[in-house]
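Order of writing sets the labels: A, B, C and D. Residues in every chain begin at 1.
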Amino acid sequence: MKNETEGTAVTDTDRRLLLKATAAGIGAALMAAPLARAQEQAASVRVRGEAFAQAHQPKPLPFNSSSLNGLSQRLIDSHWSNNYGGSVRALNETKRRLADALTDRDLPPYIYNDLKREHLMRTGSVVLHELYFDNLGGNGRADAAAQRLLGAGFGEFGRWEAEFRRIANGLGGGSGWVILGFNSQFGTLENYWMADHMHNPAATVPLLVMDMYEHSYHIDFGSAAGQYVDAFFNNIDWERVLARMEALRLSAA
Amino acid sequence: MKNETEGTAVTDTDRRLLLKATAAGIGAALMAAPLARAQEQAASVRVRGEAFAQAHQPKPLPFNSSSLNGLSQRLIDSHWSNNYGGSVRALNETKRRLADALTDRDLPPYIYNDLKREHLMRTGSVVLHELYFDNLGGNGRADAAAQRLLGAGFGEFGRWEAEFRRIANGLGGGSGWVILGFNSQFGTLENYWMADHMHNPAATVPLLVMDMYEHSYHIDFGSAAGQYVDAFFNNIDWERVLARMEALRLSAA
Amino acid sequence: MKNETEGTAVTDTDRRLLLKATAAGIGAALMAAPLARAQEQAASVRVRGEAFAQAHQPKPLPFNSSSLNGLSQRLIDSHWSNNYGGSVRALNETKRRLADALTDRDLPPYIYNDLKREHLMRTGSVVLHELYFDNLGGNGRADAAAQRLLGAGFGEFGRWEAEFRRIANGLGGGSGWVILGFNSQFGTLENYWMADHMHNPAATVPLLVMDMYEHSYHIDFGSAAGQYVDAFFNNIDWERVLARMEALRLSAA
Amino acid sequence: MKNETEGTAVTDTDRRLLLKATAAGIGAALMAAPLARAQEQAASVRVRGEAFAQAHQPKPLPFNSSSLNGLSQRLIDSHWSNNYGGSVRALNETKRRLADALTDRDLPPYIYNDLKREHLMRTGSVVLHELYFDNLGGNGRADAAAQRLLGAGFGEFGRWEAEFRRIANGLGGGSGWVILGFNSQFGTLENYWMADHMHNPAATVPLLVMDMYEHSYHIDFGSAAGQYVDAFFNNIDWERVLARMEALRLSAA
């Protein structure tokens, strides 16, 4: 009956999101929210496992590593298995040591915090890498809806792109990330510079994530970071970016 | 009619959240989500203003600064007006300079990024301070629902509290924050150590935020950070923490 | 005989340095260099103890803590015993744990490095605090020799002071240090901004060290960092700064 | 007359140091100290130029870039011209902007400090890169004198090497430096972990410097940082390390 589902209609976007999220093994709780609205009985987000559980598993690449345009299979495979994979293993190991350390009453809190720093670092590395690979594999063409939202958030779409590219180029030769995010406290779309895995904007939902650690490009481009920036833009999966925006039900002001 | 509002019922918690959010001037987009569900026509989150707009205004304290238990009015007023207020002003100034810098084609990207670092820093300071003051002003008693969720996330509630306090004590004499957050990528409740305003866990919704910069306690306690940790716990507004959890519709696994 | 000691004469400054260094328990190897030149037999700098030895002892304040002008005894005593003293104790504890960890073959190197970060942090805190207290206790008046050297290094003395004060004021509300140092690779006198104990200019000899952590001033001034900056300048012991310069045998170009 | 130069004799090591320092264009003030002692009339270290002077020039590689054992010419050339060279240019540019900013009375101090952070970062990058290249190009065999000093500083030489390698391996996949340094405040030889160009041990003279930014190895080894660590050790120029030790007139306790 129409009345029963009003306001909770399953949109085409929701369906696409559901399929993609399942396929990619991505199940961000935030993304689940609008899907939940589409399902009468599934109103809540479950807490999945304990804080200290050592159950992190690498998520498979959501695309064939040989299929990218201008980014080599060797680069992508190494990035995924060594840098991302290494951080997944390190996160589990860190949580194992934290669980032990928590019961050690003689451990000074500042030494405990040395492990918490590793925890923050590895959490950032795992989460950001997952979002990064998940927004690669596309054709680099932003659809109208994403362009409209970014136009609303930045005055015009080109201004968004100019800033995002500038931040990326400025990080060449160092380490860090660039993200476009929705700052949920301010209600704004903003680009953020981050110098390592621990840097993140507060209370912000990442929408487009770009790795600028040198392991993201040196195998292919050496120190020519600008070539990598171009290649990254050519491979953005804008459908994923849009799906993340739609999961938040973002609309222009 | 009962049928018309089924699945979108305005709960008592939603009402409390609505009132508090309005009173406190807090309108986090994420918090708006369950409210939105209560309103048939308001399905989307609006992008509020441009990335570079210099329109940040300090949010009033959600409690009377003389009303806290063991934290002095002088401390709270100074913290709010000088540290938080100073960052609001600095964030506007930084955005003004970024908007200018973006049009300066001769500016090297790494110099542009020096301003983006200030942007990340001030964003963290403003957002985290707002969430911090917003979760102060309570009686420090966690209600059963919050205890149940933290028990699910940490094995038992006491384990959550032990870790949160330990991180806080380990930050004494330095700078930083402790937060309990919902990691939306992992689906876990976790405590995070952060050493400055730029540190934040990726893709995480803050639920309880504690300032450990020395300006949070030195006026009252000098270097006795442990006394501040106790005082903070005595003043947590658990209704706000629970409201943030409910905005995510968190449920135990 | 005059001839025998020519070129290695014990200057008045050397004598003053020797007395002060002895009185204050300060024996920086670099400072020992010109003194060594004055002694025929003592040509070398001894390595004092092992890298992992847990033998750090707090150095007594080189002045009476109640004698400063505009900085209270309570502030200075707390700073010395809690912040500096706490870091001395933490440095010993960290070295004890590093010595153990080095023999643990199952410990992942990145976890070992979490302790090495604490080592870097506490080393910075101990060393910088010792230099800070050692250059306090004076009357704030720079003698002609120091003014001449800073004039040579910065164009004019006032330019040096303007920059040093500006950096200090910009750190208000956060954490960090300001130092004037001699960059031994560049051969320049420069002021440096540092945001925490781990930040330091490479290959640089500190000449004037100023603590900008909030524990340096909040007890006396609350968030009014500018008042602390003025008070610091009124208490600089320029004789110590000059002695550090003379230990390097610095001369204007 | 023998008597006149006693205690200031030019040793063989001084001569070797003088030749190498001249050849490599390295003129660290600290290294100049013992040389100065060898010259009756040159007792002082000159301040070379102003703090804000934009006169930094890249120092040529002290070896042929095709001559290293297991580190490719392409890697070394790219590292020298792009990463080191880029930082030299950026340091000049940053100083130019600082000189302008210092005269701008409307510039908030915290914005001024954004440039001072770039100054600290680029200073570290330039200095550390110069010291790094300067201690490459050797045959990797530590002579007896260096082994004796490191044995004195670490209990045994093997313990020094084990820790240095461990720190390096733990930095794989990230950014940073490892240095062996003489902490002039403590009088100890210690290894230090550093996560970026701004990290440095306080008041410490670098003796052996190792770059662990991914640009140091990715072109040759991809993410296999361990292979780079081995290659680095095979190419250490221990004569340079020893010369730096001798410039300090270090002796075992």
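One rule holds for everything that comes next: contacts are C-beta pairs under 8 Å (C-beta built on N, C-alpha and C of every residue); 3 or more make two chains touch, one makes a residue touch a chain.
Model, not experiment: these values are computed from the prediction.
Chain pair B-D has a twin interface among C-D, A-D or A-C; that twin, with over half of the contact pairs alike by residue number, is A-C. Centre-to-centre separation of chain A and chain C, using mean CA positions: 43 Å. Chain B and chain C have centres, each the mean of its CA atoms, that are 37 Å apart. For the pair chain A and chain B, the distance between mean C-alpha positions equals 21 Å. Residue numbers of chain D whose C-beta contacts span two or more other chains: 108, 110-111, 117, 195. In terms of inter-chain touching, the protein chains here all touch one another pairwise. Listing the residues of chain B that touch chain D in their complex gives 90, 93-94, 97, 108, 110-111, 114-115, 117-118.
For chain B in complex with chain A, the residues that touch the partner chain are 3-4, 7-8, 27-30, 33, 36-37, 40, 43-53, 56, 102, 108-113, 116-117, 119-120, 123-124, 126-128, 130-131, 149, 152-155, 159-160, 162-163, 166-167, 169-172, 182-195, 197-206, 248-253. Considering their complex, residues 74, 78, 82-83, 86-87, 173-175, 195-196, 213-215, 218-219, 222-223 of chain C touch chain B.
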